[in-house]
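Chain naming follows the written order as A, B and C, and within any one chain the residues start at number 1.
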Amino acid sequence: MRGKAGLTFGKMLENLRQKAPLIHSITNPVTVNQCANILLACGASPIMADDPMEAAQITGISDGLVLNMGTLSQRTVPSMMASGERAGQLSLPIVLDPVGVAASGFRMNTARMFLERLPLSVIRGNLSEFRALAKLSEGPADADTLTELSRGPAGVDALAADRITQENLPELLDFARAFARRTKTVSVITGAIDLVTDGGRAYCIRNGHPLMRRVTGTGCQLSALTGAFAAANPGYILEAAAAAVTAMGLAGEIAWKRLGPGEGNMTYGNYIIDAVCHLTSEDLEKGGNYEIR
Amino acid sequence: MRGKAGLTFGKMLENLRQKAPLIHSITNPVTVNQCANILLACGASPIMADDPMEAAQITGISDGLVLNMGTLSQRTVPSMMASGERAGQLSLPIVLDPVGVAASGFRMNTARMFLERLPLSVIRGNLSEFRALAKLSEGPADADTLTELSRGPAGVDALAADRITQENLPELLDFARAFARRTKTVSVITGAIDLVTDGGRAYCIRNGHPLMRRVTGTGCQLSALTGAFAAANPGYILEAAAAAVTAMGLAGEIAWKRLGPGEGNMTYGNYIIDAVCHLTSEDLEKGGNYEIR
Amino acid sequence: MRGKAGLTFGKMLENLRQKAPLIHSITNPVTVNQCANILLACGASPIMADDPMEAAQITGISDGLVLNMGTLSQRTVPSMMASGERAGQLSLPIVLDPVGVAASGFRMNTARMFLERLPLSVIRGNLSEFRALAKLSEGPADADTLTELSRGPAGVDALAADRITQENLPELLDFARAFARRTKTVSVITGAIDLVTDGGRAYCIRNGHPLMRRVTGTGCQLSALTGAFAAANPGYILEAAAAAVTAMGLAGEIAWKRLGPGEGNMTYGNYIIDAVCHLTSEDLEKGGNYEIR
């Protein structure tokens, strides 16, 4: 299946491996090692600098920027802003991962600042995170809204009520399109079905495996991978994001098949990165399970 | 074997898997990924927020709190205090892991503050760490005591002189009980034999494998696991801590049996988390090797 | 093959396993877990404290110090300086890993401060990093030089132009020797061929495997390992560094042979640490592939 202008997912992976873009990630210590390794696995080169003294300068030598709000810190929010602004000046793709955004006012306020002031290319999160962001992007939130929101989500996971199913898919596509249009981003809402849209065309992707939710950081890794696909395929952000989501889901399926007796979530996490390392353009073309709506 | 009121270790693991408590850990970057993954493996949900701007708020949506002093930082000590106080207000279980506490005055002073001001539920450490804490909990330490203490332990490992053996077990049980009573905590002293006591009843647990000491963070992971068991079994903190220690030791044994030729400490560490992922209530009931004194 | 005074690489590994030195590392969150695990694998004991409140005190109970500039932070630069000065007072070996030094002015200025003020024992980096350091050690750099340097390297990897080959080896040996003499350090320049020299004798080591470059942190791990070998073999820093480089390369070869179908960079990284865990003195003696020039 093809993206616009004939740029297939397979071709986008080829571009990524050939160009080996340098991806600057400002991220959390929980999953930073896996993010670096998945970037190396897909063919990109990682750099994780997060100090305000150098963040913008590092972005200046990079090909893409990933901002991940897991374990958000006052020390690195200024780094994220400075790097985001520099990426904007250089027209580099910026991926935002609003990890557990509704869990605190600090995250909500920081996310609002990013939405208002940075030219984000892609936002990648679960449905609970998107619902919280949607409140913000609709207008100024009062204290009550913040309180209500932060009561909801169970930390960094999506609420049970926020499952993506065949039944609520049409409604969620409307939600995703409206959000993407309002924020002028490609919105990537991941769950049992993944939705990727720029407000017009939408990919509904059915790759992946439920066990991925029991490995910490598969979401963070997908955001890093999205940055790599986008940086290697500028001008095709929607398709690049869909290709990244499909690649990650496929890696989850391949890794699942490799699991032997006694192997659990930790080994599974390693196998997912291994699978990205070995993923070919042909695998990606053949294994993708998605429709365009 | 049964805890009080018929709550077996197996039943406590079932409760944990069913309730899926959200565990807030403020911990170190060395082992934070493994702590998150072992929480996911046992059925809990991890959140690792450590910024003073949000720590207490995150605790407020959580079911348990784990404070880990490895690579202690001035940035996160206020987060630990604020989260600890919030957990106290909400009667959430708090587990303290005083990693390498005697290695610096900074750690000693911070630990003293926690002991004096937070309603800790469980303290989990090795014997050298407990000996240092015991000095603190006996009364104000002068500069000489601090200097003497911090000369002792070889970093984060127990001193050779602080091995737990069949011979010194009675004496150490007295020590553990006295410490637990004085600090009003469940004390978990881990070593070749693990001691778990609330000052009255004491579990002596003989699960585990010596190679666990060559994997960084097995102690941190046990503290995280203890937080999960305690959060899922409120009112049974002593039994929950003993169940967590037994589960971790058993996972170490199962992982050891899986080790093939060429597999070393890194693979062993992955297998331990895998083993927790697959651990059943039946495994835990049958595999536990402990006595109650 | 033998180091000076009959201290073979094998004997140095034996010393390391017997003495179990405590290695204090101030390093980055990306690879800190792997650095701790490789230290445990080789027989050393890791401690990763990085707060200014305790860094120097922790160094004071340690046997060696490793300063790693990956994700350099204003928070830890003072810790690095204080620990470096303390290590100097105690004549402990100090290993500097100038990760991606040319990527920012912050890293360049910090590296200059370390070069000027700390009694570094070993510097371990790739050729691009050494070229940047050489500019600094030649004299005060102006803004233009800094700008030019930081335009160059692709983040933390060596530039394509900075490959070490059979052809440029003689020239690079001259460069390495001059650098080592000027900085009074043992210089370890790693690449397809690794160069280790104190300005006089030089080891050219051909162990290792190209896939190591696709695992994040193999360089950081080598620096940690070098600290361990140096701490266990004081007075033989040149030989200890060469032994560490050979051990790491050999571990990369052994791990490569273990790789099965579907196993990629993540599993490879785990296998490298496993291989260090199992490495014997005999392996190291027999498997080393190097010449002394």
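Structure notes:
Here is the rule we go by: contacts are C-beta pairs under 8 Å (C-beta built on N, C-alpha and C of every residue); 3 or more make two chains touch, one makes a residue touch a chain.
Please read all numbers here as calculations on a predicted model, not as lab measurements.
When the CA atoms of chain B are superposed on chain C, the rotation angle comes to 120 degrees (nearest 5). Copies chain A and chain B of the same chain sequence form an interface built mainly from non-equivalent positions, shared numbers / all numbers used being under half.
Centroid to centroid, with C-alpha atoms defining each point, chain A and chain B lie 34 Å apart. Residue positions 29, 33-34, 75, 270 of chain C are each in touch with at least two other chains.
Chain contact summary for the complex, chain B toward chain C: residues 28-31, 33-34, 70-75, 100, 103-107, 150-151, 154-157, 214-217, 262-267, 269-270. Residue ranges on chain A touching chain C, taken from their complex, read 22, 29, 32-34, 36-37, 40-41, 45-54, 57-58, 61-62, 75, 254, 258, 270-271, 273-278.
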